[in-house]
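Residue numbering begins at 1 within each chain, and the chains themselves are lettered A, B, C and D in the order written.
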Amino acid sequence: MIDIALFGLGRIGIMHGKNLMRSKDFNLKYIYDIEQKLSKKYSKTLKTKAINNPSLAYKDKDIKAIFIASTTSTHIKFILDGVKNKKIIFCEKPLDLSIKKIESCKKKIKRLNPKIQLGFNRRYDPTHNNLKKQLLSGKIGKLEKIIITSRDPAPPTMKYLKESGGIFRDMMIHDFDLVRFYLGNDQPAKIIASGSNITDKRFDKINDFELASTIIRSKAGVQCIITNSRHCSFGYDQRIELFGSKGMLISENKRQNETSLYSAQSTSNKSPLLNFFIERYKDAYKNQLKDFAKFIRKKIQPLAGFEEGRKALIIANAAQKSLQSKKFEKLNL
Amino acid sequence: MIDIALFGLGRIGIMHGKNLMRSKDFNLKYIYDIEQKLSKKYSKTLKTKAINNPSLAYKDKDIKAIFIASTTSTHIKFILDGVKNKKIIFCEKPLDLSIKKIESCKKKIKRLNPKIQLGFNRRYDPTHNNLKKQLLSGKIGKLEKIIITSRDPAPPTMKYLKESGGIFRDMMIHDFDLVRFYLGNDQPAKIIASGSNITDKRFDKINDFELASTIIRSKAGVQCIITNSRHCSFGYDQRIELFGSKGMLISENKRQNETSLYSAQSTSNKSPLLNFFIERYKDAYKNQLKDFAKFIRKKIQPLAGFEEGRKALIIANAAQKSLQSKKFEKLNL
Amino acid sequence: MIDIALFGLGRIGIMHGKNLMRSKDFNLKYIYDIEQKLSKKYSKTLKTKAINNPSLAYKDKDIKAIFIASTTSTHIKFILDGVKNKKIIFCEKPLDLSIKKIESCKKKIKRLNPKIQLGFNRRYDPTHNNLKKQLLSGKIGKLEKIIITSRDPAPPTMKYLKESGGIFRDMMIHDFDLVRFYLGNDQPAKIIASGSNITDKRFDKINDFELASTIIRSKAGVQCIITNSRHCSFGYDQRIELFGSKGMLISENKRQNETSLYSAQSTSNKSPLLNFFIERYKDAYKNQLKDFAKFIRKKIQPLAGFEEGRKALIIANAAQKSLQSKKFEKLNL
Amino acid sequence: MIDIALFGLGRIGIMHGKNLMRSKDFNLKYIYDIEQKLSKKYSKTLKTKAINNPSLAYKDKDIKAIFIASTTSTHIKFILDGVKNKKIIFCEKPLDLSIKKIESCKKKIKRLNPKIQLGFNRRYDPTHNNLKKQLLSGKIGKLEKIIITSRDPAPPTMKYLKESGGIFRDMMIHDFDLVRFYLGNDQPAKIIASGSNITDKRFDKINDFELASTIIRSKAGVQCIITNSRHCSFGYDQRIELFGSKGMLISENKRQNETSLYSAQSTSNKSPLLNFFIERYKDAYKNQLKDFAKFIRKKIQPLAGFEEGRKALIIANAAQKSLQSKKFEKLNL
């Protein structure tokens, strides 16, 4: 088993902790959180040892890998320290909100032959991933359009939103990455975005948006449309449509169960969608972890690494810029 | 165009009248109903001539065909008279409620080389019919099970029900015919039925059932399950499932429109089903009429004839008998 | 019945002719086409009289209405002449490809109290129309997004395409009108478009596109996304999604039949979509005609008139302009 | 945590072992199998101790519960021994193939106040279970029909089949139990069955069937239809339909993923169904285990106990008997 240390014990950190604990591949040796109470509390649940200082993990030669699930602003520092100490890194998205910090980090670690996997979990979703396989197998001919719908069931707290970097850097970044995933060797070439607030006017006050839409055009001419919403009355709406010269592939929503109700009012009423990312992407998180184990053991490149994080942020920044310029912004990836 | 006379102007007669009027193949020359008021009334709508006596149609040499949509008890007489007068016959289902009368009629017309099409409209439904085509093309391998669901939106009047011959002879007779349609050269060999009343106890008083289920077993061992209900809160439920060694074919319900509603309560709420046979089998009735024109012009045997009516009634009678014997009744078709 | 004359006997004109012939409301008194052979040929099928000169229709005082289904370039002239002769007009979309000609026509007929219905048939589709009703009834709360997918099964001839005015004026114009239909009192405020060619490079030669995507933003902030394609391997893809604060409404595709096939390879295989507009919008065309009869008889404003045609073209022109400017173009409707 | 011993390490025993190992509620202290090699082999995987003799588990006072997943013929003996040693029992279905042995066991343990849960896992399936909840809440009014489809992807080995007790006692027993689950206070009153072999004639040699259909009629008149097949080309077909006076509930199939493919041949092609019970009823097995923990800790009666096993077998025997008598057999439960 691979000895690993987990940094960060927020909602997603705890989920990763449970997956690490149950995994056949990993031994969760240490957990660390800036709040010591949290690490102590979860050391029991996760059957592991709480440490007060990340350096204890770095110094332990048995520790092969660091799993970073802490606040975004700490990611780069933990990556730098981890890489310097020859650890293999898993880092949650986004890398950081500043492209400068990311570029600087890239330079610093270049010579150290860094091994970093990034938490773009959706690439590992069985259905989203199956679309990629069928696309590669030629089922729909040449790819012509990518249409992604992503709607959260409810917005996060205002506190979170204020520090989130805005809907493009915090939420749509997943979709920017998926566009790159499906484009493969083709590249996003330009982007234009639109944002607006209709129902929840609190977003106006923080210069952010509850609703956003984007068109990305690839070098080959593929038109990629992304539509996001920070709320969705019927659950976590996650759909992808790939349209090609010979067919179409859709990744459809997952529901809570397979009940279908017929009555005088309407027919075929299905259950609500799975509520949010922890339920919806449960399998994706597990597959991602298996891929991380392969990355460590067999040096097989994971589906998403440091470059995926860097490029997705560049696209997000261009989307944000297009809001002011009101025009297509070029992308140099 | 083929000159034709329509007998019977009840709900289904009027529907057929409209189809005849709009058809490129037929010239609706006469209409006749035992109630002269009705024929007069509809002669305008249907742009045709009302006659007081069927013999006027029989004597008119231009009249090639008689379309019988009158009360069941008059069918055999009109068939006999029509055939004697060398008319080609279309007769609504059922032929009659008495198998004796049917057998006697069969004998009488045998030498006259009768040309009779029977109104088993469901064989002409685009989807039900497509199942037959795909079955014949081998898509699901050997046929092993036929499962038919048929539920009327609401029961007819008690007056109608009393004279209907009961659920097996009046309603399930369609499904008995469909079983024969899909079995093809194979034959129904035995049958057992169950009937009960749970919600609408009026059926008890007339020794009839609102709910019925049947298992038919074919000579080759195909198990055919039919489930009927005289009421259905969500519309006219019409489904067929063919299960075979290599796959399954389903003829799914038709809805009023293609709207799908998502809300906090449930997802993918579709519109109610098409309400009843006139809407649901609109295309089937049109295709049936086209087939009748071909039958007349090119002597191509239609999908259902006199024998289909006779055999379906034999099955219905056996179903009824099995209710008393509580055992499988043999079928000699 | 309303005496009417039909101008233009191309594919869509003949379809309208048949609907007029079968309608209870209309008496198709004359047909006219610039090619006399055509009018002669169809005078039989449509049981009507061919005329060599439109003026015969204008002069006939019994003629209440003119149905214009001729080439786009002739629409404005027929409208002008028809209105001057006090006829009520039905005109196929688009009004014209030149906004100047349209504005000029608008001025000329203003004082004549013109009665003009425009052939934006999709507003009359039972499912698309049901979405509008459910939206108005508050089922999905405040409207936030409109997402329209429209893909033709195959491109028209190059000859047609060269004179079509391009994908935005010829094809997406339907969707621009639908956006206005669902926005209601809200207004499209700005638009940006993207066009590209991936599979069928012939479009490059005529400066047109096989693929187009558009974001329209309304005054209230509603984000409207339209995606078009001139080809679609699986049929005529026609979908609409309305997303609101309390739910979502989808107008789903219509298929050829309701067959569903299960096999070792895949499950629930449905039949291809209805092939093209004449089949897909059959009910819409009939409903549109009923609305035209109401317009004539009861002076009830139809769902689409001259202004709908004018405004849709303004949007299409702005879409085209945004391709050069690469930025959002303002809309003044 | 509850100390537990697992008997039987076949495919399903190993699955239960893994669930017990991962459960927060149980400590899997011992495993036992008649083949010592198996227990040794799995003691590592399941992080537990292999024992050579069940009595070691009975004698250990810390052991609260025995989990029986061994061959059917050993169930009754283990139940008797377990109950005598005051252990709480979980036993896989079926209890036994001999109703006499079961009745005798019932008498023997009566005074010992036995606590036995039976492995009718389908009652715990989230969707099947949701149907029961919605039925109880009145969503579909009075229950009138229960229609259950159950088809295994492929038959077991001939060796297994020979000792299985036949399709009614081995396979349809699950569905008999589900009928009782949905009927609630109502009771199955009579049953008739049909069995046949069409594709796989090996079943003829062992007097068993690849295909079976059954009608059960309840005291209240509910008609219950069960259709089984030992093979199914498209996966593990598991569907339930509850039809009532006010609506219908369907428990639909679960697929491998949510991909939907559109092409020139067909539209909306979904992925194959989940292959077999371990994948399909993964959540059901987990929920069942949670219920067992509640049963032990809080003495809350589980969804299925000894009586459910006994009554399901009585129904299966009557089904078998009806094959010879060819008539409805009465059920005294």
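In the analysis below, a contact is a pair of C-beta atoms (placed from the backbone, for glycine too) under 8 Å apart; a residue touches a chain by one contact, two chains touch by 3 or more.
This is a predicted model, so every value here is computed, not measured.
Taking the mean of C-alpha positions as each chain's centre, the chain lying farthest from the centre of subunit B is A. Here C-D and B-C are compared, and the pair linked by more C-beta contacts is B-C. Chain geometry summary: the mean Cα position of subunit B and that of subunit C are 40 Å apart. In whole angstrom, the spacing between the mean C-alpha positions of subunit C and subunit D is 58.
Among the residues of subunit A, those touching two or more other chains are numbered 233-234, 246-248, 253, 261-264, 271. On the side of subunit B, the complex with subunit A involves touching residues 233-235, 253, 255, 261-273.
For subunit B in complex with subunit C, the residues that touch the partner chain are 22, 126-127, 130-131, 134, 139-140, 246-254, 256-264, 271. Across the complex, subunit B meets subunit D through its residues 141-145, 147, 151, 190, 192, 194, 196-199, 211-213, 215, 217, 220-223, 225, 227, 229, 231, 233-234, 237, 243, 245-248, 325-328.
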